[in-house]
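Same chain, two partners: chain A is paired with chain B first, then with chain C.
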Partner chain A sequence: MKFVSLLVLVLLLLFGVVVFLYISNNDLEKYDNPYLENPIESNTSMNLISAIYLDYRFYDTIFEVIVFFVAAFGVNMVLEKLPDSKKTKPSKLISIHSEEVDLRMEIAGSFIFTLSVIFSIYIVFSGHIGPGGGFVGGVVAGTGLLVLSGSKDLNRIEENLNSLHIHEIEQSIMFFIPISGIVGLLLSNAGFSNFLPQTTPGTFFSGGNALLFNFLIGFKVFSGTWTILYHFVRHRGVI
Partner chain B sequence: MFSAIFWFFALLLSIALLIEKNLKTSILYFGLFGTITSGAYLFMGAPDVSFASLALGAGFTTFVFLIAIKKTGMVRVKYVPAPYMIFGKKEELSGFEYELLKSFLIEQNLEAEYSVLDSQVINRKQTDIIIGGIFSTEKMKIDERKWLKVEILETKVFRDTRSREIDLVRMKKEILEGETPAEEFEFIRKAQYQFLIEHHRPELAEDLRQYLKELKNSGDFQEMVRRYIG
Partner chain C sequence: MSQYLYIALMFVGIYGLLSQKNILKMIISLNIMELGLNLFIISTGYIKEAKAPIILFGNEGNYVDPLPQAIVLTAIVIGLGVTAVALMLARNIYKTYGTYEIDEIRGENDD
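Up next, the complex of A and B:
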């Protein structure tokens, strides 16, 4: 066993050395980078990072979203069939004393949830102007919802989410991405080209499709984060 | 410059994270690590990465780990039935050591599963704590190095006419029930009642020692001894 772990360590070190040598010997800037020349004029995003991952390198982002979708879907599919953990009620998750739900925790949980939702809406919709974006916003909102569910009854929150049809919307988001690609193809000659208005950099409707994609990714990541955490809480200690 | 300071603290934190034995503290260090690296990224001019590091490293991962240690939040306790210490039926145990352990586990937010110790087969993988008026480990079939001993309470060891070693609480029971007259017991030495804790959970032993210290300082410990042993 020790030999195997030593071997793995040596292989990892070798891999690291190879990657380091590759990077130091190759000029990575020789690849075609259109965003190096006048990115604001061609995309109108104030945030260059957002311009790159939502426009110039959008295929990377699509596959990242697909990876996240598959991960959340897999967690959902595997854990849904397992029984609930019997020994602890999920609502006791974060309360200080394990016996009862604490009033202080309940108030603090609602407060944190409200704050995190407002903050996440802000960073999702300003991702093309300043730092932020859909992914971070989604994680913030999902974690905030988990804080809320730790201080309140998990079942009630689940019912509320089900009545809002969050899961149906979540699963249909994956269709929006090819649809937006086709719309872009119809309106101009390339797939995924911008079809939302591109006004002055720094205003709300700038950056082309960044606004739409940030919202879609944010919602996707929010519901995915919530699904993963929710199933981990609900079925913890079962496997 | 600023980012160098942040990275230095991140390095210190990561070392602390590795040495820390208490899982909860370790997770809090991890959250702090995420926060500090996020600060470092911010000063390196990458606010987007900084946001992601804060949301994932300090928020999401901390929660996932907290949920995960809730699963290890189960302690398997094996006990030797002992009068005044731990006795009763499986669902309604009572006694000094039982109440002590119970209040400690509630403080630590852990849950316990009690079962009677089979002294012939002690499976270390199935056992975290052994309790039940243990004052000497000589006759138990355990590896001394694999168990951490936490001393709970001072006791005295006696020998009776059949050259059998017996401790204070068991002797008291035998005398009170009239099985053996009090004159037959002869005092040999002082000893300590111990909790045996599996050596893979050193943080449990450390926390228990700390808890006992606080309990003794507040006077509740003496109160418990008086109530259950007399």
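Up next, the complex of A and C:
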């Protein structure tokens, strides 16, 4: 036991020395990034971060989306079999199995939900022009749906989403991304090459495939966030 | 210089992971560690007097390195997934053993 703690201490000290040398030798005046010779001409996206994670390093993003999908799927698979927690106190803010809804939440919930959906659509479709993108927009819409559950029954929202086949559409998005790679391969000579128009930077149809991928990722993150939040709200109050 | 602060935040997280015995506190420590690491990665791309890498604001040719920020965007989403799965496992442990303290978790035939 003493040997293990000594080993951990030595490893942490080595790590600290490496970090110290890195920080003291790092001159933060310039950087070499071969992608960014002329990013506006090559990608036509105003948001350079979007240009990197939706074009230059898209494989990274694909596996990131797969990891998020697996996490949401695992939470859904395990927690839907568990019964609701018995210790749950009735809450005025979020209604489950109850007809009593707080009046403030009934008015504010629908209003905030509408606002958040409009805002999320805006930042999903302008992710290549300014700040925003699919991940942020999906999280905003999923959280807005949670606020809506203040004015409606949580399980009824889930039933409505199931009747709209939201989860089936979400799972089929995993097949759209390879399809878009194959389309890019057919229209050009490389997989995942841009096949959407790359016009003047700053307009709606710029940035190539960033528009399509932002929409797909936004929908997927919205559905995954809602799945996770729904199951966590159902099992609240056990801490 | 603020990079030392981010590394210190990461070590706070590591200390919490090693010393706490409550599963929820361990998950919080994991998040603190991840936050310090993300801040450190972002700070490696910092350039003096440069602006955000979005050319919307008329800062063409004078922006910080966007590559660490794109990597950290990936890391944030994966951290969200890891936290969700960890909380799900904690809920499952609570259902099986009735406690969140890892000291009190014992198997049937443990002796």
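One rule holds for everything that comes next: the second predicted complex is superposed on the first by the 183 of 239 C-alpha atoms of A that agree within 3 Å, B and C clash if a C-alpha of one lies under 4 Å from a C-alpha of the other, contacts with A are read in each partner's own complex, and residues count from 1 in each chain.
One rule holds for everything that comes next: contacts are C-beta pairs under 8 Å (C-beta built on N, C-alpha and C of every residue); 3 or more make two chains touch, one makes a residue touch a chain.
What you see is a predicted model, and the numbers here were worked out from it, not measured in a lab.
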Quick one: is A:Ile123 in contact with chain B, with chain C, with both, or with neither? Answer first, second, both or neither. first
Output check: A:Thr143 vs chain B and chain C. Expected answer is one of first, second, both, neither. What do you get? first
First (chain B), second (chain C), both or neither touched by A:Phe135: both
Contact-wise, after the overlay, does A:Phe232 reach chain B, chain C, both or neither (first, second, both, neither)? both
After the superposition on A, what does A:Leu21 contact: first (chain B), second (chain C), both or neither? neither
Count the residues of chain A touched by chain B and by chain C, then name the partner with the higher count. C
Quick check for you: in the superposed arrangement, does A:Ile49 touch first (chain B), second (chain C), both or neither? both
Please write out, lowest number first, the residues of chain A touched by both chain B and chain C across the two complexes. 47, 49, 130-131, 133, 135, 232
Contacts from chain A onto chain B in the complex sit at residues 47, 49-50, 87-88, 93-94, 97-99, 123, 130-133, 135-136, 139-140, 142-143, 146, 225, 229, 232-233, 236-237
Give every residue of chain A touching chain C within the complex, in rising order. 12, 16, 19, 23, 26, 28-31, 33, 35-36, 40, 46-49, 51-53, 57, 60-61, 64, 67-68, 70-72, 74-75, 78-79, 82, 129-131, 133, 135, 201-202, 221, 228, 231-232, 235, 238-239
Seen from chain C, its contact residues with chain A in the complex are 3-4, 7, 11, 14, 24, 44-48, 53-56, 60, 63, 65-67, 69-71, 73-74, 76-78, 80-82, 84-85, 87-88, 91-92, 94-95, 100
Chain B contacts chain A in the complex at 47-48, 50-52, 55-56, 59-60, 63-64, 66-68, 70-71, 74, 106, 109, 111
